[in-house]
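Just below sit the structures, each encoded as structure tokens.
Both of the next two complexes hold chain A, though its partner changes from chain B to chain C.
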Partner chain A sequence: MDLLRSIGITEIVFQLMLVNAILGLSIYLTLYTGMFSLANAGFMAIGAYVGVVLTQNYDLPLWAALIGGMIAAGIVAVPIGLPVLRLRDIYLAIATIGFGEVVRILILNFDTLASSISGESVQLTRGALGITGIPKITETWQLLLFLVVTVYILVRLHRSRFGRAMAAIRQDEQAAATMGINVVYIKNTVFIFSAILAASAGVLKAHLTRTISPGDYGFDQVVNILAFAVLGGTSTWLGPIVGGFVLTALPEILREFKQYRGIVNGVILLVVIVYLPGGLVNINGWKRLWRRIRGQPSVIERIQQNTRSG
Partner chain B sequence: MNITQQIVNAIWLGGVYSLFALGYALVFSVLGVLNLAHSAVFMWGAFIGLVAVTQLNVSVWAAIPLAMVVSGVISIVLDVLAFAPLRRRNAPRISQLISSIGAAILLVNIAQLIFGTQPQRFPLGSIPSDPLEGLPIRITPIQIIILLVAITLMAVLQYLVVRTRAGQAMRAVAFNQRVASLLGINSGNVFRMTFFLAGALAGAAGVLFGLAYNTITPFMGDSVALKGLTVIVLGGLGNIQGAVVGGFVVAALEVFSIAAGGSNYREAFVFTLLFLILLFRPQGLVGQAAETRA
Partner chain C sequence: MLELKKVSRLFGGLQALHQVDMRVPEGRIVGLIGPNGAGKTTLINNISGLDHPTSGTIHFEGREIHNLPPHRITGLGIARTYQNIRLFGEMTVLENLLISQHGRGRATVFDSLVFTPRFRAEERRLKNVALQLLERFQLGGMAHLLAGNLPYGDQRRLEMARALATGPKLLLLDEPTAGMNPIETEQLGQQILRLRDEQLTVLVIEHDMSLIHQVCDEIYVLNFGQIIAHGAPDVIKHNPQVIEAYLGQEEDTELESERERS
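The block that comes next holds the complex of A and B.
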């Protein structure tokens, strides 16, 4: 532990690594099903605000706030998912970005909106400043337990009929539908799961960082979450966890180069997507990279070179 | 609420939005990818314009073309680093979207390192700012200049794309890259040219936006990025004329929602519109019947 601390991984950093792993898994679920949804920051915001209101205004324990935040996000995900999941790749991405921004703006203006409707002064989300002084009640063992349980459920899911259907939809949606898979049902259920997972991360993180504001859940946050999954790779559940760990720990390890932190993040994302398309957790990708460095094209690349017309 | 005044505001703001969104649309129509680093090029354009005026002591008139050229070159570099390697591998469009995000992060952070995070301004008097006299509404010279420059550039782009051989090559590649290559069009050059034009338009939009609001920060691209997305969705992704129409529609929506007292919600209006358009008219407002796109 001392070794970890000496390179900059303190307890709070480790806790954030766990939270970010959960966030990575939330976008992994939708990516694994072939849906390029960027709604996760929005759901994270819903979870965080509902959870914090439950612990602060109603004095409920963390587990109750967690369940409350998850239920709220799950309920919101139904009417959003049904129409939006008809869209594909870039169109789905844009629509879900739009959703995230609307959530952010609604939270920003919730108090004035609620005040004008109810006629009394409402102070719940506290506008752009956000909520401060949240009790720090999330413990490391709770995060670890949550992550382990999530991974256990994911592993069981992948081996189930439902999980196979998810993989089939990612491969080819139309073929999957032809084989009798209820694509709409699977996609929407996965979308709801993903929303619930993002919301739980939101609740847990809010009770770690002790302050939340609408600005924490903007487009930057979605980009971060996406980076966790893409960096680690989305072919196994291990990928987003590794991605979340690396992207959270690396800036701390490199804290002497603090001003270059953003540049390093950008470069990592670019290099991985260009040279390791399967992410860090992908043996074939490393093998391909090794062959490229040594200058031997793989069989497939040689065939591609021979047949390329442009 | 003075309706005429609001219409005037919507028109010049729409000019900037359209100019910015045209670059998005151009890249999408030719390559079929969404370049999320476009807003970072826009921000760089503004900074280059600023540096040209403050450090090189050139006039704003010279700063705009200078910013356009440099932004165009930045955009080509972007293509070489972030898009071309993936294109060669036939990577899915989503990978290219993600690599453009990486490039955007990189560009914004480099700008932060060089220019700092404090808002910067064009020096006073670099452009006349007093409203024109003798008019019932408030119009400043900068607003007229913005509109004129925007319209001129749009006209030039339309001419390039429709009338010239290079534009013909662009449209051919947009239609079908493989067939275009078979017919002897160098698609690599067409891609680079597309990125240059898109970057130049973003650069011009950046300088004009910087002049209009006179606060230039490394993060100025963020709000425009998502608005530009709305604009091109509204116009139909990859539809160049649609992007122009969309820019004015989004600007009008924004200006009128502010005027109606909803300034806190103006972005919520814009994104709700985005949402609805995607659900009900994914081909855009001016688009024709949908292909199997969405």
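The block that comes next holds the complex of A and C.
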């Protein structure tokens, strides 16, 4: 533990690593099903605000807030998913970014809106300033437990009929449909699961960082979440977890570099993306890199050499 | 069993199918031939629900199916293969066959989470069906190889095994022998005949006339989206319109099929 602390990984950093791993898994679910959805920050915001209102205004315990936030996000995900998931690729990405912005702006203006409708002064989300003074009640063991349970569910999911259908849709949606898979149903269900997972991370994180404001859940946050999954790799569930860990810990470890920290951080990420395109958790990527370092030609290069000489 | 009435499909101004009438009787092998671009694949897409007719009706066992989504049609008992092999290449051969039994399974994610007896029994059952199909299509030792890494001929056979794993009553084969040599084609013909002996109905799109003559009970000829002839293989062979549209331009069609493949 002392060793970890000496390189900058304090308890709060470790807790945030766990939260970000959960966020990485939430986007991994949709990516694994072939959906380029970026709605996660929006659902995270819904979870965070609903959760905080439940613990602060209604004095409920954390677990109740967690369930409340997850249900709220799940309910919102249904009417969003049905129309939006007809879109694909970059169009889906843009539509879901739009959703995130709508959520952010609604939260920003919620008090004003609610006050003008009800006629009395409402103070719930507190606009751009956000909610402060939230007690830090999320504990490390709770985060660990939550992550372990999530991973167990994912592992079992992959071994089920449903999980196989997810992978089939990613690889060839039409072929999957003619193999008897209800593509619309699977996509929407996965979207809801992903929303629920993002919301749970939102609730847990809000009770760690002690303040939340609409700005925490903007486009930056979406890009971060996507980076966890891309850096770690999306071929297995381990990828987004490693990605979330690395991207959270790295800035802390690089504290020594003071003002150059951002540059060093960026360079490391760039190197990983260029040399390990499949992400950190991808055996084939490491093998390819190893061959490159040792100067062995790849299979394709060998064939090219043979055809040139022969 | 399958009945198409005045099926038309327009893509903008292009009439891909025009008033197609067609019947596939139960227990028969029906061939569908025609030059490239005649609309054969469009027709199969319309039957399997990937595309829907602009007008006309399609009935399967008395049920209207032309507005159903593909997975419902598969559930009713129509399976298909693709001309340009569309296996799930990143998955193993076995997984490909498990996926295509999706509609026959009932276990939920919850069953998988807590290993209910239902989940275990079902997984065992699906796996057995898959292994039997592998045996039958000479893919026995390949269950754990990635489908995308199989040699071409094996991929073709796996594509057919995968369609059969959905448990169909009617099988649509879209150019099953594309790229096969004469011996492989002959073997595939034997497989198709065996399917009919097991009470399966087959609609086969083909370029290879030897296969058509080997297996088909009757043939429809499609040209420019219209059925121009229908009858027994021997009759069709001597139909002057067919010879002109299809057989008479063999060199052209070969060129075209080359282009299509590349």
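Following the convention adopted for this analysis, the second predicted complex is superposed on the first by the 279 of 310 C-alpha atoms of A that agree within 3 Å, B and C clash if a C-alpha of one lies under 4 Å from a C-alpha of the other, contacts with A are read in each partner's own complex, and residues count from 1 in each chain.
The working rule: a contact is a pair of C-beta atoms (placed from the backbone, for glycine too) under 8 Å apart; a residue touches a chain by one contact, two chains touch by 3 or more.
The structure displayed is predicted, hence computed values, not measured ones.
Chemist: Given the touch rule stated above, what does A:136 touch, chain B (first), chain C (second), both, or neither?
Modeler: So A:136 meets neither chain B nor chain C here.
Chemist: Is it chain B or chain C that touches the larger share of residues in chain A?
Modeler: Partner with more touched residues of chain A: B.
Chemist: Considering only touches as defined above, state whether A:183 meets chain B (first), chain C (second), both or neither.
Modeler: second
Chemist: When the two structures are overlaid on chain A, which partner does A:291 contact: first (chain B), second (chain C), both, or neither?
Modeler: neither
Chemist: Should A:106 be classified as contacting the first partner (chain B), the second (chain C), both, or neither?
Modeler: A:106 sits against chain B, while chain C stays out of touch.
Chemist: Touching A:255, do we find chain B (first), chain C (second), both, or neither?
Modeler: Neither chain B nor chain C is touched by A:255.
Chemist: So, A:230: does it touch chain B (first), chain C (second), both, or neither?
Modeler: In the superposition, A:230 contacts chain B only.
Chemist: Looking at A:277, would you say it contacts chain B, chain C, both, or neither? Reply first, second, both or neither.
Modeler: A:277 sits against chain B, while chain C stays out of touch.
Chemist: What is the shared patch of chain A, the residues that chain B and chain C both contact?
Modeler: none
Chemist: What residues of chain A sit close enough to touch chain B in their complex?
Modeler: 36, 83-84, 86-91, 93-95, 97-99, 101-102, 105-106, 108-109, 112, 219, 223, 226-227, 230, 259-263, 265-270, 273-274, 277, 309-310
Chemist: Which residues of chain B touch chain A in their complex?
Modeler: On the chain B side, the touching residues are 34, 81-82, 85-86, 89, 91-95, 97-99, 101-110, 112-113, 177-178, 181-182, 187, 222, 225-226, 229-230, 233, 237, 264-265, 267-268, 271-272, 274-275, 278-279, 282, 293-294.
Chemist: Report the residues of chain A in contact with chain C in the complex, numbered from low to high.
Modeler: 152-153, 156-157, 159-165, 167-168, 171-172, 174-184
Chemist: Considering the complex alone, what residue numbers of chain C touch chain A?
Modeler: 48-50, 69-71, 73-75, 79-80, 82, 86-91, 95, 98-105, 107-109, 111-113, 119, 122, 162, 166
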